[in-house]
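Labels run A, B, C, D, E and F following the written order; every chain starts at residue 1.
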Amino acid sequence: MTPTLASSTPPMIEARGLGFARRDEGVFGPLDFALSGGGIGLIEGDNGSGKTTLLRVLAGLLRPSFGTARVLGAEPGSETAREGTATMGHLLGLKADLSALENLRIGMGLYGHKPTPGPFAMLTQVGLEGYADEPVRSLSAGQKKRVALARLALLPARLWLLDEPYANLDRHGINLVNDLLTAHAAAGGAALVTSHGAVSFHQGVTCTVRLAA
Amino acid sequence: MTPTLASSTPPMIEARGLGFARRDEGVFGPLDFALSGGGIGLIEGDNGSGKTTLLRVLAGLLRPSFGTARVLGAEPGSETAREGTATMGHLLGLKADLSALENLRIGMGLYGHKPTPGPFAMLTQVGLEGYADEPVRSLSAGQKKRVALARLALLPARLWLLDEPYANLDRHGINLVNDLLTAHAAAGGAALVTSHGAVSFHQGVTCTVRLAA
Amino acid sequence: MSAASLGGAFRTMLVRDLLLAWRRRGDAMLPVLYAIIVATLFPFALGPEHALLARIAGGVVLVTVLLAMLLALDNVFRGDLDDGALEQMLLAPQPLSLLLAARMLAYWLVTALPLLLVAPVLAYMLGLEPAAQPVLLLALLLATPLLALLGIVLTALTAGTRRSGMLLSLMLLPLAVPIVIFAAGAVGAAQQGLPWVAPLAWLAAALALALVLAPLACATALRIALDT
Amino acid sequence: MSAASLGGAFRTMLVRDLLLAWRRRGDAMLPVLYAIIVATLFPFALGPEHALLARIAGGVVLVTVLLAMLLALDNVFRGDLDDGALEQMLLAPQPLSLLLAARMLAYWLVTALPLLLVAPVLAYMLGLEPAAQPVLLLALLLATPLLALLGIVLTALTAGTRRSGMLLSLMLLPLAVPIVIFAAGAVGAAQQGLPWVAPLAWLAAALALALVLAPLACATALRIALDT
Amino acid sequence: MRSVETLRMDKFLAMGGFAQYVWPAYAAFFVILAGDVLATVVRRRRVLRELRGRLARQGTRRPRVSA
Amino acid sequence: MNAFKLWYHKLGSPPYFYVFAGYIQPWLWTIALLLAAVGLYGGLVLAPPDALQGDAFRIIFVHVPAAWMSLFVYGVMAVSAFVAVIWRPKMAEVLAMESAPIGAAFTLIALITGSLWGKPMWGTYWTWDARLTSELVLFFIYLGIIGLYHAFDDPRQGARAASFLAMIGAVNLPIVHYSVVWWNTLHQGTTVHYFGPSSIAPSMLWPLLLMTIAAKFYYGASLMGRSRVALLSLERGKDWVADEVRGDTAHG
């Protein structure tokens, strides 16, 4: 691991000696790193090195086995942490029977939030113009991923936790993710992104966590 | 589309005016292309351009709406075609409750085939040494993909249809796929591979099918 | 967390669930059809003897409604779990119990309400005495939400597992025994012309308690089952 | 396709399914438990009156076993569909009907056989006359494979839809009615001391026919459902 | 010619005519509890075997955490 | 108090508990077997046949201890389940989950011996009597808890989920019991009162008490054995387990 402290604002994620073990068998850690507003962090590692597991720990879906993690100054999974965090995992959490637009509305409703660009405009922005009323079931793998990206961008979250956001996306999609990340960081947000290194974010990475398999 | 005929052996895949439409709305086509033994074909296209759909048509899981396709000289989905074809899709077809080794054995049993390198050795080859008895459920996304690749390599199929074989894999995994493809082609086999262009096979591509979104 | 945003989240969930049910309205009809068919099977299995059927009518309708609700229970979290929507719910800033309360209400509206509408028809077809009919309906009106609340808590406990609905039946039915006994007790008493208010009062008391506790218990159960 | 490789594929599938059942042996126990629990619910719903229970015992056991098998049916293709294993089966060079025959055999072994073992216990607890017990067992021995074959064909038809098991019940139960009538007829006759061979002979004939046709029908149904 | 002991034993085993209920009850008691013990023994063996295998192949996997 | 606290924390630590359990287990076994031997001799040989039931009453010496244990074990399990859900100590999870199969075994014994006793007494192996029925429901609750535990891939998660179910079941048990009693009186009819407040003869009483205590010790012994195995499997990554396994291999 390479601990890198970016700026002087209080860190959005702070891990101290953080580690996770399944049945006392280590998956990753101990890790020390911090990520502040305006920064993009990469989690790099080979298949099975624990990238997904680390993100789930930070989201509060798994409890760390040792060490501590603070997310937005609170326990991972606490209300404060949840309120300011948005997560995108291997499973996108879209309802296949509802349309792309309805899915976005639900995502916003769960955060009690009505952003100004609006869900319809956002769909256009992610390249799904004309697919707003299409049920998600009948979208291709990459199109589903784009709906999830649109939802992410609509939520009022300062911190993004993204698991392989580039998978299944074409070249335009990859650029889209990079643009979203840049804009998010410019607005003072932070993002933690897993990647295999083949495709990933390169400009302005403020912190890299390397996991060993 | 760019029809490219590679060598002079009878083609393993031959598409003439092949197209698919859902409710009379075109997804792709008409396409003309051929792929012969020893060749690797790429299907390129943006998200939603119909790559997955094309592979499913060639596997015999969907019926073409117009045009004809011949796979190994027979109808797609006929017994001859199935016998010589192995497919890997978005869903890997692994049983989560069975171990990696058991999954490989089942794959071989369905093709009535006992190859000499053997499933155990093959798992080592794809970088899963020590995971043979682990239930597939507890493997990471990339590790599951590797099990599916091992199964592919064990089957007695001359033709491979691979949908995004690189997704979820790390750098070693990508090299592994490329090595498998090279070896398969060298042994006289053929493979049709979808890709977004970001990561893909580059050496000795004999045919490229480009789909427009 | 403002009250408005709480209400908004509750509404979002409720609308979402009703919308999903509407998109799959064929599926939503099926518990009813299932109940009809099971109730119809009994005359075939027992022979068409009228007195016998009338004697068991109340009980058969109760058991049938219970089993139909049980079948639909299995899917309460299954879909949301498989596509990751449940994870999104867990990660949303709103209290989980609130979102689950909406889920419970939607489940009752979609599954139990149609069953309540056909239950009198089934009871009539099996020959239940007219005097006992309103009591049966009243019993079901109290028993079905109770079953729904209890059932969803248990379903939440099985959410992390890939088990079929069978495990759920094993867990739910012992806990449902008192509900069945009291509901059947009221109907039986009405059939014999005895007073039937007491058992229903018990059910009502249990329901009041469950309405308060079940969403909280369900949130706890879900967090345990998904290990958060 | 050599005979050896056909046999090998059949064995592979059978072993695979039994292995999966073994890995989830808790699940395999569940239909039995479900049947026991549903059978126990009836006395709760109807009251513990011995004569009444004895009168309906045969029918209740039949319906219960049917429902238990039905619940397990839902999972016959569900898992294989969700993880893509079904697609691999469709794409394998062996005839699909052969693989499905293995699937059916495994299903009967895992689900119905344990039910056959507990059915006499349930019948006893409900008070069925000893004379009717062997007839009940015989009826179940013929009815369960018939239901399994029929059920799996229908399950295959619904495989492509992402519907719950409900649609299945809806389709299966009308078809199961004749089976229930014949089986219940035999048991009822035995309870009254009448000859009971004829209805069972009908069941046996239907079973012989289904054994030959069901795998083929199932393969066709699956291909239709998955649009290949 | 049967001895007094045998007769007494027969009488004991007959349980005043209730042998077919009493002895199965006792058998159930001891067999089920023995099954409980046996299950534990078998499970202990299996767990130890698994653990030994794990220990043996530890080199090929990631290191264990001791915390 | 400090001694108790120390003891509690020590026992709460798996390696210490493992050693402790291994130490007391033989003693529990010895006491259980001795008490059972004396109790059986007293019950089967010394006690005279019952005036009404003849020798059939001798089933009491296995039936009643098992029936009582079925409730007692549930009580122990429910308490550890409560602790497991609230404070999450590993030992409470282990004790709750390893108690469940033992409790289920005793419940099954009570059901089987009870129905074997029922045949000569009531003329049938089974009737829908209140006590019988609620014991059957108890058996199902045990099975549900065990089933839920095994449904999870991660045993600790399964233990917590099943503990939660055990708590719900604990609330439900008295309700079931009384509702079943009322149920029988609602439809009056076949209710017979089999269990009078019998003034039991001393020659019967002491073997019964011995068997009851023996059953408790058996429970302790079995629970210790089970917990030890569970700990080995749960703590498989820890050094003490590795040492234990190596030691075990060395011994044979």
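Heads up, the rule we're going with is that a residue touches a chain if its C-beta (ideal position, glycine included) is under 8 Å from a C-beta of that chain, and two chains touch if they have at least 3 such contacts.
Values in this document were obtained by computation on a predicted structure and should not be read as measured data.
Asks: What is the shortest path, in steps, from chain A to chain C when you may only step between chains that touch?
Replies: Counted as steps through touching chains, the separation is 1.
Asks: Using the contact definition given at the top, which chains are in touch with both chain C and chain D?
Replies: Touching chain C as well as chain D, we find F.
Asks: Could you tell me which chain lies farthest from chain C when each chain's centre is the average position of its Cα atoms?
Replies: B
Asks: Which chain is most remote from chain A in terms of Cα centres?
Replies: Of all the other chains, the one whose centre lies farthest from chain A is E.
Asks: Using mean C-alpha positions as chain centres, tell me how far chain D is from chain E in Å, no decimals.
Replies: Their C-alpha centroids are separated by 34 Å.
Asks: Taking each chain's centre as its mean C-alpha position, how far apart are chain E and chain F in Å?
Replies: Using C-alpha averages as centres, the distance is 16 Å.
Asks: So, what's the distance in Å between the C-alpha centres of chain E and chain C?
Replies: 42
Asks: Roughly how many whole angstrom separate the Cα centroids of chain B and chain E?
Replies: That pair's centroid distance is 53 Å.
Asks: Where in chain D do residues touch two or more of the other chains?
Replies: Each of 24, 26, 30, 33, 37, 40, 44, 47, 82 in chain D touches at least two other chains.
Asks: What are the residues of chain F that contact at least two other chains?
Replies: 137, 140, 143, 147, 151, 154, 183, 186-187, 236-238, in rising order.
Asks: Specify, in ascending order, the residues of chain A that touch 2 or more different other chains.
Replies: Within chain A, residues 21, 24-26, 90, 96 contact more than one other chain.
Asks: Residue numbers of chain A touching chain B in their complex, please.
Replies: 45-48, 52, 90, 127, 139-143, 145-146, 164, 166-174, 196-199
Asks: What residues of chain B sit close enough to touch chain D in their complex?
Replies: 59-63, 77, 79, 82-83, 85-87, 89-98, 102, 105-107, 109-112, 135
Asks: Mind pulling up the chain F residues that touch chain A in the complex?
Replies: 154-155, 234-238
Asks: Contact residues on chain C for chain D in the complex?
Replies: Answer in residue numbers: 24, 26-27, 30-31, 33-34, 37-38, 40-42, 44-47, 52, 55-56, 58-60, 62-63, 66-67, 71-72, 74-75, 82, 163-167, 169-170, 173-174, 177, 180-181, 184, 188.
Asks: Taking the complex as given, what residues does chain D use to touch chain B?
Replies: Interface residues on chain D, with respect to chain B: 1-2, 4-6, 8-9, 11-13, 15-16, 19-20, 23-24, 79, 82-95, 99, 226-228.
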